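Below are two complexes that have chain A in common, paired first with chain B and then with chain C.
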Partner chain A sequence: MDELRKRAKELLEAGTVKVVIGYENGTAGRTRALFAEEPKAAEKLIFDSRCIMNLASYITKAEVKAKGKMAIAATLPVMRAIIQLASEFQVSDNNLLVLGITPESTMIEFKDIAEVEAFVHKYEIEIEAKYSEKLEKLNKMTPSERWNFWIEELSPCFKCYACRAACPMCYCHKCTVEFNQPQWIPVPSHDLGNLEWHMMRAIHLAGRCVDCDACYNACPLGIPLNLLTKRMLIDAKEHFGGYQPSIKADHLMSTYKPDDKDNFIM
Partner chain B sequence: MSKIGVFVCHCGENIGATVDCARVAETSGKLDGVAYSVDYKYMCSDPGQSLIKSAIAEKGLTGVVVAACSPRMHEPTFRKACAEAGLNPYMCEMANLREHVSWVHEKGEATTEKAIDLVRILVEKVKYNQSLNAIKVPVTKTALVIGGGIAGIQASLDIANTGHKVILIEKDPSIGGHMSQLSETFPTLDCSQCILTPRMVEVAQHPNITLYSYAELESIEGFIGNFKAKIRRKSKSLDEKLCTGCGLCTTKCPVKKIPSEFNEGLGMRTAIYVPFPQAVPNKPVIDREHCTYYLKGKCRICEKVCPTQAIRFDQKDTIEEVEIGAIVLATGFSVKQPDFFPEYGYGKYPDVITGLQFERLASASGPTLGEIRRPSDSKVPQNIVFVACAGSRDEAKGIPYCSKICCMYIAKHAMLYQHKVHGGKSYVFYMDIRAGGKNYEEFVRRAIEEDGVNYVRGRVSRIYEKNGKLIVKGVDTLLGAMPVDIEADMVVLATAGVANNDAEALAQKLHVSYDAYKFFAEAHPKLKPVETNTAGIFLAGACQAPRDIPESVSMASGAAVKVACLFSQDELTRDPLIAVVNRMAPPVYSSCVGCFLCVSACPYQAIEKEEIKNRAGEVIKTLARVNPGLCQGCGTCVAFCRTKSIDLQGYTHEQMYTEVMALLNEY
Partner chain C sequence: MAEFEPKIVAFVCNWCTYAGADLTGTSRIKYASNVRIVRFPCTGRIDYMLLIKAFDEGTDGIIVSGCHPNDCHYTSGNFHARRRWIMFRSLCDFMGIDIRRIKFSWVSAAEGAKWANIVNSTVTAVRELGPYDEYKKVAKKPVKEVIHG
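Our next item is the complex of A and B:
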């Protein structure tokens, strides 16, 4: 990724952007986010198969935005998140420059987010076979089997909210779990409280989740939360014509069209 | 500390016979925060209301729960009573012990328990109620009437005559609707055009009416008293101010073989045309789909012959933006067309026609100048068959309802035929004769008894051609289902009256409900026949269900009165049960993160963006804001907002949560 390092350096030198967000080597063979503000820091930028964290979760943070215009090294899932965030008015061409990293590991500098969208739309969001098989199995369960499955899977969750912190779409200042007048979602991490938290989170990601798996990767307990969001992506495809983040198209969950399918109404 | 009063109504026997009202009152009296409870035979009666008023005064009640009927019936009554006693009306809630309890359950222990539960949850809710003030909004005293058939014409004239402005839009080049196509009208056999055209002219000349023909509703926003409409005025390719309506262009246009819509395809028209001689406005439009110039880039003959140079080939559609306070929907109906009746050979045999086509044949202004001549060879049919209920009352065809007008116009058609073709034989295949209406039964009897029309009770199964005759195969159910075959020269199908193709789309544009057949739905089948469920939008004529002229006109006058009532006020008061986006102290300002997904979710376009600026005028945060004038309190945004930044006044998160918890908790 010499190309990336070179361009990041140029951008910082020219003052076009104030910070470049990318990956650097962390401890114990892991990677972490790099916020390069000096041209020299750009040399630390790396990109390889370990770089799976969704960097878009940083671009909505007030302290990062406060630095000034940002550039971001963005893989496909990160680009998807950027488009969705732009459609929700959280970032714009004014404060973000996208240095795309293609699936072939080459760099493309995009003129604007519309261009990012045109590029991203060449790729469908596809659910990996191992997940779709699992989901198919879940679908075949009786409601009570499925209930037990989830109670069991979610029961170890101790509400550290690492999933939320890692998710680019969980940028709200005050999450529903923190809403306490009234306390819709119970604070304690008992079975029901966990279920409510995850159901709530999943539904808030319907039509927004970009399938980056950052939540799942962040969970210290390896809870398969991404099964919930993947289920919704499949449903979106079956009932609403599929999900692709877009700054032009209407939001999947909040808009109604006369020709929408209604086969899910019982 | 709350002091809540619970008032349990027996509604005579309605609730009292099923629910133990005394026990409901007694148990409620023991609930936390309840200072007074009582049951009474008729709470909505004067003494009932006095009971509430005096309890408020004497016990110093802070909230009231009336356990009675549906809030749709009496909420205004009880809120008003509370207000009169000095309590904010929005501190009063109703538990529905009638529609939700006594009318749907058997008498018994569980039923009374349910009644107590309903009271309990509302007692808990009222503890979180807040005093609210009604919202006042101004009224724009101009009405929009959509559709210029007889219903739209009548509604426009009636409203205009009360002194208010009317904008009438008609999608076709002329107003008049179906009535302008009719020959004579039942039950009096007076000429349709003769009674209609004076009204059409009156519309054109009325100082309070602006007529936009060849125009359709593009979009609408706003709410009762304050709608904003965009009207698309389709290009007529004509400068209407210059055109004198001389008609020279229509005589010179070389494209002469376009089936005329007005004549139901039985006559031809030119590409630049006026649909019929008495059209209002009587000025032509160019049909761009058929005009040689638009198709091939050459011709412009009309432009050359026009003495006032009124033709405008490059004219574009224009969008007119208007502000209106009320809408009358009068878009009428359609009749089922060919392809729907393969078994009757419609579309295959030219002499199988629809009732509407028969009207054109019988009409003096029609293609045969009023002589009954069949389309295939212009011969006068000596044997004619009328088929009632073609499509109507037929589950298999998806139209189980009765189209209502057909029985009457068939009798009319058969009568007109007998008057015009002496010695001709006419047959009517019918299921039942539905002639309810003043002088209607007499009219049908006249057809049978005086004009000798043969009525055969039975359905026609098939029509086919043999040796130049149309063989109509049916049965006579009054003769033990005896097969009847008639050799006819012409067959007229009374095809079902159905909603317009664009009815559903229009209803969705206006947020008006519609029934399973896409006819617009009235707000109440008995008590609100001309209202829709959307405040400020009214219905007239056949857009609500198949209707004849007298009914369409009555509805139109009814709708006009509703509009006039609305316009008699300068301001409307609305319930303040609307959504509000929370506001907090700086630097947060609100828990709203400005994702504006609520903007797209709101069906009433009530949510706007609000910029919070610092002293230097820089935008520091962009938040959602609900426009109180536009919000209808539907709550869609509340359900949608992930950050729970929106609350619905009168149905807040706290109130809803408390209600649920009250239900789950033992008492």
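Our next item is the complex of A and C:
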């Protein structure tokens, strides 16, 4: 991505932005986030298929915001996250410049977040076939089989909260899991706490999750926790007409329709 | 062995269902005594975490009830709650939590008889399902916790 490197360098030289957030080569053949504050550092920027982490999780961090105006190299899921964050008043045009990377791996520089939204809305959020198959398989199980499946799958979780750290939507300064009076989520690595943590995480992401799989990629134990958020996404489609991040529209879970489904209510 | 008596926790709103349950009492309608009523300002306040906590503490069934649509004291609390219930029910089902044990209903302040019916039918249904052993097994605390405050 010479284009990206060149533009990042220009922006830093001109002082338009104070930091460019992108990917660089890490250890063991992996990539990691790069925070380029000097024009020279922009040369380290790379982009390839290994760049899967969601960089939008950094733009809400106080220490990154404190640097000044940020530019971010944003793939499609990152752009979606930026729009959702903007709609929740976490970022704005004043402190963010988006250098978009299209699915065809070309760079577009966006004037503002509204332009990013116009671009992102050309693409629907689609669930990959391998995940739809898995979800279908789970749907066919009996409730008790599903219960055993999840207790088993979640049992290795020791709540390192890597999924929370990797998620751009988990930006609360104090998370429910950190409350201990009362203790909402039991802390030990135990089936109950694991179940409740993952349930809480999934429901807090309902109608907000941009389906970037960053949580799954960050999980050191490979727990398929993105299945939960994918299921929420399917439900949003089934009941509320689908989810597409937007700075203008109401959030799915903070609005309502008088004719929402109520056949389960006595 | 004595017949299994389920424990039911009802989360109700102050303005409709709580008043409705009160009417059931003042009308001297008899209904199952298995239910423990928890009063909330509005169904919009009933956090799903509270429902999960009820299962943690050993309840076998849950009733969530509030004002009929368009009757909410705060105009739209029950509409917002309904959206949340749709998502919550679906997630519970997906994670294998028995959603037959969680009943949702609209009961107005004038529907004392309906409240008695809902409690009775829930108690009958949960009694047939038996104790919620699946959850209770998991909810057994690994370390005896000391509860402060």
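Here is the rule we use: the second predicted complex is superposed on the first by the 258 of 266 C-alpha atoms of A that agree within 3 Å, B and C clash if a C-alpha of one lies under 4 Å from a C-alpha of the other, contacts with A are read in each partner's own complex, and residues count from 1 in each chain.
As a working rule, a contact is a pair of C-beta atoms (placed from the backbone, for glycine too) under 8 Å apart; a residue touches a chain by one contact, two chains touch by 3 or more.
The structure presented is a predicted model; accordingly, all values stated were derived computationally and were not measured.
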Requested in this report: Could you classify chain B and chain C on chain A, in the superposed arrangement, as clash or fit?
Outcome: clash
Query raised in the report: Which holds for A:152: it touches chain B only (first), chain C only (second), both, or neither?
Result: neither
Report task. Considering only touches as defined above, state whether A:138 meets chain B (first), chain C (second), both or neither. Result -> second
Query raised in the report: Now for A:38: first (chain B), second (chain C), both, or neither, which partner does it touch?
Result: neither
Query raised in the report: Now for A:48: first (chain B), second (chain C), both, or neither, which partner does it touch?
Result: neither
Requested in this report: Please work out whether A:176 is in contact with chain B alone, chain C alone, both, or neither, and reply first, second, both or neither.
Outcome: both
Query raised in the report: First (chain B), second (chain C), both or neither: which does A:126 touch?
Result: neither
Query raised in the report: More residues of chain A in touch with chain C or with chain B?
Result: C
Requested in this report: With the two complexes superposed on chain A, say which partner A:254 touches: chain B (first), chain C (second), both, or neither.
Outcome: both
Query raised in the report: Touch check for A:204: first (chain B), second (chain C), both, or neither?
Result: first
Query raised in the report: Who does A:90 touch here: chain B (first), chain C (second), both, or neither?
Result: first
Query raised in the report: Is there a shared patch on chain A that both chain B and chain C touch, and which residues make it up?
Result: 176, 181-182, 184, 253-256, 258
Query - Touch list for chain C against partner chain A, complex - result: 48-49, 52-53, 56, 69-70, 76, 79-80, 82-91, 93-99, 103-106, 118, 134, 138-143, 145, 147-149
Query raised in the report: Along chain B, where are the residues that touch chain A in the complex?
Result: 504-505, 508, 588, 591, 593-598, 600-601, 603, 622, 640, 642-644, 653-654, 657-658
Report task. Within their complex, state which residues of chain A touch chain B. Result -> 88-90, 171-176, 179, 181-182, 184, 204, 250-251, 253-256, 258
Query - For the chain A and chain C complex, residues of the former touching the latter - result: 138, 143-151, 176, 181-184, 186, 188, 190-192, 195-196, 198-200, 202-203, 206-207, 228, 231-232, 235-236, 239-240, 252-258, 260-262, 264-266
